[in-house]
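Below is one structure; the comments refer to it alone.
In order of appearance the chains are A, B and C, and numbering begins at 1 in each one.
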Amino acid sequence: MIRLIEDLHIQFVCRIMVPLIQFFALYVIAHGHYSPGGGFQGGCILGASFILMMIAYDIEYVKKRFPEKFNTFMVAFGVFLYAAIGALCLILGAEYLNYGILHKILPADPVKVRALGTLGIEIGVGITVSAVMLSIFLNLSTFGKHEKSEV
Amino acid sequence: MEIIIGKYNYWIYIALMMIGFYAMIAKRNLVKKIVGMNIFQTAIILYFISTAYKKNATIPILIKSQEVIDVTQYVNPLPHVLMLTAIVVMVSTFGVALAVIVMLYKKYKTLEEDEIIEILREKK
Amino acid sequence: MKVLALIIVILTGSLLIYSSLDMPDWGDPNSPASTHVSPRYIEKTIEETATPNAVTSVLADYRGYDTLGETVVIFTAAVVCILLLRRFEDDKTH
């Protein structure tokens, strides 16, 4: 479906840029408490870095490092992480998604632990959003046929 | 004059919204309809963000050293949160709509709405 | 048909502009949206959640259910895209 055009300049620039973009994405996710940012924004940047790699190289190149099964698993895993943190609060004896109760298992006081719970669900949202971006792009750009022989 | 200065932001968003609305109901091409829907949603997001604004206020990230928090110094965080949600829903609807359009193109080999209706009539 | 659409659009737009005259002014700190619940979020965010960014604390803490449902929405979008578009090699039906 997609014709591969090898271009040294584009591949070289992307090889340098992609780690920086991914590093910035992780910063945006982790630093969402103190600056503009959070799970959605960081996840979008992370997904965009994979899409950039797909455009510069080809789809096989990314799928070798980030297999489709793993990607689909990650789509569900982020939602699971979010719901699991909520359920953990329920098990420990508070309301669903009431992170204050997590101080029973984490070494911090009830106020600080709310920030940690927030960070946990931001990570879950970030995983889901980046995997969803990749999945939608992959399926739309190749009409759903991205096995080895089709590329 | 006071009305223009106080309300011109709403009028800009209404104009943008009506451009999207016109594209949704008057255009025959399905991709153009989707683009119109996106313009419509963007206008709504801009409208909500503008309601959050307070004069001479800054973004809702508090300065830690401050003892007494002055509420009028920070813009309203609630519309920002709601619109963050709406942006993600917008992306989701856009992706699903494009997927449906790809399937329609595979089946009918056209994206024009009236041609699809014509094909459906001939089949009957 | 296009003329009819244009008339509908102009009618709706003028109705909206007429109703916008009752809206609060731009940047008014005493508008209803800014005086009802949001002052509490701004005042209590450091005290209750240790998060200076009020947007993050409202998004993930005060309104966690909202974000959970919205994560499920984007999850559903990915699942729908895969279901609609994905074609495997050994699939003979298409």
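Note that a contact is a pair of C-beta atoms (placed from the backbone, for glycine too) under 8 Å apart; a residue touches a chain by one contact, two chains touch by 3 or more.
All of these numbers come straight from a predicted model, not from anything done at the bench.
The touch graph of the protein chains shown is complete.
The interface holding more C-beta pairs in contact, when A-C is weighed against B-C, is B-C. Centroid to centroid, with C-alpha atoms defining each point, chain A and chain B lie 24 Å apart.
Centre-to-centre separation of chain A and chain C, using mean CA positions: 21 Å.
With centres set at the average Cα position, the gap from chain B to chain C is 9 Å. Residues of chain B found to touch two or more other chains are 61, 84, 88, 92, 95, 99, 102.
Within chain A, residues 34-36, 38, 129, 132, 136, 139-140, 143 each touch two or more of the remaining chains.
Looking at chain C, one finds that residues 52-53, 55, 59, 67, 74, 77-78, 81, 84-85 touch two or more other chains.
Residues 32-39, 72, 75-76, 78-79, 82-83, 86, 96-97, 99, 111-112, 114-115, 117-118, 121-122, 124-125, 128-129, 131-132, 135-136, 139-140, 143-145, 147, 149-150 of chain A are the ones touching chain C in the complex.
Every residue of chain A that touches chain B in the complex is listed here, in rising order: 34-36, 38, 40, 129, 132, 136, 139-140, 143. Residue ranges of chain B in contact with chain A, taken from their complex: 59, 61, 84, 87-88, 92, 95, 98-99, 102, 106. The touching residues of chain B, counted against chain C in their complex, run 3, 5-11, 14-15, 17-18, 21-22, 25-26, 50-55, 57, 60-64, 69, 71-72, 74, 76-81, 84-85, 88-89, 91-93, 95-96, 99-100, 102-103. Residues 1-2, 5-6, 8-10, 12-13, 16-17, 20-21, 23-29, 31, 33-34, 37-39, 41-43, 45-46, 52-55, 58-59, 63, 66-67, 70, 73-74, 76-78, 80-81, 84-85 of chain C are the ones touching chain B in the complex.
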